[in-house]
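One chain, chain A, appears in both complexes that follow, with chain B as partner in the first and chain C in the second.
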Partner chain A sequence: MTERVIQVDALARVEGEGALYVKLNGQELESCEFRIFEPPRFFEAFLQGRAYGEAPDITSRICGICPIAYIASACQAMEMALGITLSPEIEALRRILYCGEWIQSHTLHAAMLHAPDFLGLDSAIDIAKLHPELVRKALRLKKLGNTLMETIGGRAVHPVNTRVGGFYAAPDAAKLQALLPELDWGVAAARELTLAFAGFDFPADAGDYHFVSLSHPELYPIDQGRIVSSRGLDIAPAEYDDHFVEEHVARSNALHGRMRDGTAYLTGPLARYANNFAKLSPTAQATAHEAGLGAVETNPFKSILVRMVEVQYAVEEAARLIRAYRAPNPSFIAVPPRAGVGHGASEAPRGICYHRYEIDAEGRIVSARIVPPTSQNQPQIERDLARVVRANLALDEAALKLRCEQTIRNYDPCISCATHFLKLTVERG
Partner chain B sequence: MQDVLILGIGNPMRGDDGLGPWVAARLAAAGLNARAHAGDGTGILDAMAETAHLVLIDASQSGAPPGTPRRFDAAAATVPAEFFHYSTHRFGLAEAVETGRALGLLPAQLTVHAIEGGDFTAGERLSAPVAEAAEALILTLVAELGR
Partner chain C sequence: MANPKLAVWKFASCDGCQLTLLDCEDELLEIAGKLDIAEFLEATSGHSGGPYDISLVEGSITTAHDAERIQEIRRISGTLITIGACATAGGIQSLRNFADVEEFTRQVYAHPDYISTLATSTPISDHVKVDFELRGCPVSKRQLLELIAATLAGRKPHVPKTSQCTECKAHGTVCVTVAQGIPCLGPVTQAGCGNLCPSVGRGCYGCFGPKEAPNAAALSAHLATLGQTPRGLRDLYRSFNAAAPDFETESRRHD
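Presenting the complex of A and B:
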């Protein structure tokens, strides 16, 4: 048997520091490990003893791409612990803010980081050279997401206007309504980008996924909901620990999320979409159909299309909520601190972001737990890699290496808010 | 349109990656039009529309000794992407500059100042050689751009 070793020292277009190790013995796949070196775990220890109100701001620093996910889940958990019920106006404002995050995060990933994979290009720079109009459209759409976050959150990265119980100040209706023409443009732009990407030559693949996502009685899940799955799970976020575990594995500093029975599951766009297709707007559903997506999509390489359908939905949803917007008054609900435990779950662009906090009678954080989507998806990423490697053994080293990288990029993994790069090693014995 | 805009890029909670924001805060305190930029690099593209003279400050990770300063005239030549791979931004400084070049968005003057970082682990501090190089960069920029 010819021994072959493939090594990539820097997997581009992925956030954070980690590595992939694949060992092949002839046609047999001996091991397939996705290693993460830099989890955001220090935040949990850092939070102990802090005031409850600091949790959203501190945890939002975990990620420069999805701060709202952390803010929303942390606020929700603290509001549960404190017994705060939000007004519908505050809930709507938080959802608009979250739509902004989906628009900017998904568009960045789909157009600038993921699309090059399907065009045989090495980078976002190449796509700008070859498809400048597509990139201009994507950048304008992404900026629209940032503008929503700035208008409501005070600034686009690490917003300063959010707090437990609502917002320090409610934005003027006029400022939000001024965004409506651009939002109307954004709906069409998201649709055009989805249909442009639908023309890509997607690798054939189908995962046997256990889809886990949030679900809301009326709306496509973004800011809140129950945790449901394609195999019948339906629980409140407070029951998370009864059904999910995180385990240490020697090869990764990030915990691996699994079901209590040890099986892997998938969270993120494909799961949300499969569990909630009926709650997408008819127009977003129509775009999905035109792009060739069914009501359930099991080819992870087509997650780029699902992301763009979700962008169209998020733009439509932001416009719908802004048309109905009434400034919340009061802009936040404040209550005296009390001892308690709270759970929060929201749909980060990459999947469920779960937070649990225990606070004491003075409102100080006794314990904190944060489960980001990428750690939940790690076991499923490894399963995807194993399946893709087995199905593509005939590919030469460079092509197999690239296919592995693409498999990881399907997840838009946000390994942590910072640091180096992803090292990829494929070893053949 | 602003005469000159200085963006300090990085995450202040990741050790030497906080170089850019740290320098930007000091320059702003000295009266220059400077601000921190966190998050992904597409925001740098947006900033290109604000000014005819953009100055970018970022930590690099190229294998040089920590504190090594470099200066690139990015309007004239390609920014070496490998210097900025450590970045907290999946679409980072080099990608933003080169995308801006491809789309014809570059301002007339675009300077990139990089200082090699040594320690990118969690924590809000700069390592000694990086802090020293940052002080020198602040003096240079105040002398060049201050009024």
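Presenting the complex of A and C:
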């Protein structure tokens, strides 16, 4: 009987610090743990007593990769607590900004962090030595996402122009319209990258997933929507706690999100895509078909393709909204503070980012709750690992370890976010 | 001659300052041609090992393990540069320094006994000698590129330590405090972001930390005349650079 341990102490090409530990006894999988050792930062605790208006800027610092997700969910929650209804112009501007984050974050992950796995390389810089045009195209596309965020938000990481109720200042239509030629280029570039990545050799795999995502009556969900699932759930964000729980396990500084019945679920690109395929643009759907994707994709290794289809959609959506853009006037809605509770949910590139705040009559935060996507996906990541290890026992040590790392990177886990996440160890016994 | 070896290290942080390096889309491949990126966990699984000519350090020290890790990184690094408010001042997570961290842990985690953390979040310079500190929450891409170019050329980076006000004046941005009575930390905050907030009619909230020899007491006195409460003043200084000494001193005056 041989014991096998596969251990990765510090996972690369993920945002934050995490590790993996898998222990095998012969053909039996004894344990499979995905650990987050990113140090805790206690956002929910130190938000207490702060002014409601500070929540978007403070929580954006949870993650430098997806600050808009935190800003949007926090704003939405505070707007609900204060009874603010946004104008369609403000909502459209927030959605364009969020498209910028999807383009930047997805392209960073797909082309620079995930693609090296399929090419047997260490980094995008190594890819650039073999396929310089591909990497240049990806960098230009990523830059387009950043340019959208800079034009609207002032800067790409932790934008400054956003606030509860809207924006400090509405960008000039001319500045946004100047981006249209590059957005038109971006649609074609996203499609070309999707099709280039579709040529990768994907490991065969299929997960039995409970897909949980937002859903919007007309649009592919980004900035807002109801929480729906592939098994019939359909709730308002305010009902989140009735259906989902977070538990604290010893091995991780990230809480694990589960359904109330204890089962794991999946949030992120595969879930959004499966639950909302019909709402993608016909052109993004066509790219998905050309890349070999169905209307539902259950092979998590193909999440890279779904991300790139979502990039194409986000570029098209930003262009559509910019063509119709009218500068919001006023640029924000302000109301006097009042006591209340608000919930916010938006689709971070990695999945649902849920916020809940209670504020007092002066507008001070009484309690804060933030559930990032990677905490929700942690139990499902461990289930994926167990499935992938069992299916690949014949692989040698190095190959099995790489496959496990890939399984985690399929999720584009944002460990900085989830801390309240990875070391890779596979132990064979 | 071989290219200098660069390492990028992360401590408690949001990854945004490291991301700023990857956000140099126009320059990234050129940088990669002039530096051997030997350690950068967020971007590459390659590890060519130390020692390193240049180490960029993001994040603050919040665990006993990290306090040991930074000592080892200092030992194997030629030039050690800290990037961003977490590494240079302790970051937003230094708000724990003003509270009871055990209480914080109980509030966030069901099993506080699973969590191992220090009572404070401290800048890297509290633990090891730092050769240069680049401010910002996040750092400015322009300043980061200047820092890399200067370090490669062996010269001092051009990173002014004047106030945000100088940037507003240089850009012709109307003063939000004078014109609209909006509280702004610009007079006591180091320049570097490109006067982003006043450009959109918002007061500076201090991402780049205190300027050299700030007169925060005078600014507070003025902001009080505009209606800022002591609590409002305290929270204004107590954010992303809360533990920077000049901001900490001023925020404690309003406790």
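Quick note on the criterion: the second predicted complex is superposed on the first by the 414 of 429 C-alpha atoms of A that agree within 3 Å, B and C clash if a C-alpha of one lies under 4 Å from a C-alpha of the other, contacts with A are read in each partner's own complex, and residues count from 1 in each chain.
Rule of thumb we're sticking to: a contact is a pair of C-beta atoms (placed from the backbone, for glycine too) under 8 Å apart; a residue touches a chain by one contact, two chains touch by 3 or more.
Keep in mind the model is a prediction, meaning the values are calculated, not measured.
Engineer: So if we stack both complexes on chain A, do chain B and chain C clash, or do they fit?
Structural biologist: Pair status: clash.
Engineer: Just chain B (first), just chain C (second), both, or neither: which does A:A128 touch?
Structural biologist: A:A128 sits against chain B and chain C alike.
Engineer: Answer with first, second, both or neither: which of chain B and chain C does A:L113 touch in the superposed model?
Structural biologist: both
Engineer: After superposition on the shared chain, which partner residues are touched by A:D57: those of chain B (first), chain C (second), both, or neither?
Structural biologist: Touch status of A:D57: second partner only.
Engineer: May I ask you to decide whether A:G186 touches chain B, chain C, both, or neither, giving the answer as first, second, both or neither?
Structural biologist: Touch partners of A:G186: none, neither chain B nor chain C.
Engineer: Give one of first, second, both or neither to describe whether A:N146 is in contact with chain B, with chain C, with both, or with none.
Structural biologist: Both partners, chain B and chain C.
Engineer: Going by the touch definition up top, name the partner, chain B or chain C, that contacts more of chain A.
Structural biologist: Of chain B and chain C, the partner in contact with more residues of chain A is C.
Engineer: Scan A:G100 for contacts with chain B and chain C and give back first, second, both or neither.
Structural biologist: Touch status of A:G100: no partner.
Engineer: What is the shared patch of chain A, the residues that chain B and chain C both contact?
Structural biologist: After superposing on chain A, chain A residues 10, 13-15, 42, 61, 64-65, 108, 112-113, 123-125, 128, 132, 135-136, 139, 142-143, 146, 156-158, 420 contact both chain B and chain C.
Engineer: If we count contacts the way the header does, which residues on chain A are in touch with chain C in the complex?
Structural biologist: 10-17, 38-46, 48, 50-51, 54, 57-58, 61-65, 67, 108, 112-113, 116, 122-126, 128, 132, 135-136, 139-140, 142-143, 146, 154-158, 160-161, 163, 167-169, 247-250, 253, 255, 405, 416, 420
Engineer: Can you list the chain A residues touching chain B in their complex?
Structural biologist: The touching residues are 10, 13-15, 42, 61, 64-65, 108-109, 112-113, 123-125, 128-129, 132, 135-136, 139, 142-143, 146, 156-158, 417-421.
Engineer: If we count contacts the way the header does, which residues on chain C are in touch with chain A in the complex?
Structural biologist: 10-20, 22-23, 25-26, 28-29, 32, 37, 40-46, 62-63, 66, 91-93, 95-96, 99, 101, 103-105, 107-111, 114-115, 117, 121, 137-138, 193, 196-197, 199-202, 205, 207, 232, 235, 239-240
Engineer: List the residues on chain B that touch chain A in their complex, please.
Structural biologist: Those residues of chain B that touch chain A are 11, 13-14, 17, 38-40, 42-43, 45-46, 61, 81, 85-86, 88-91, 95, 98-99, 102-103, 120, 122.
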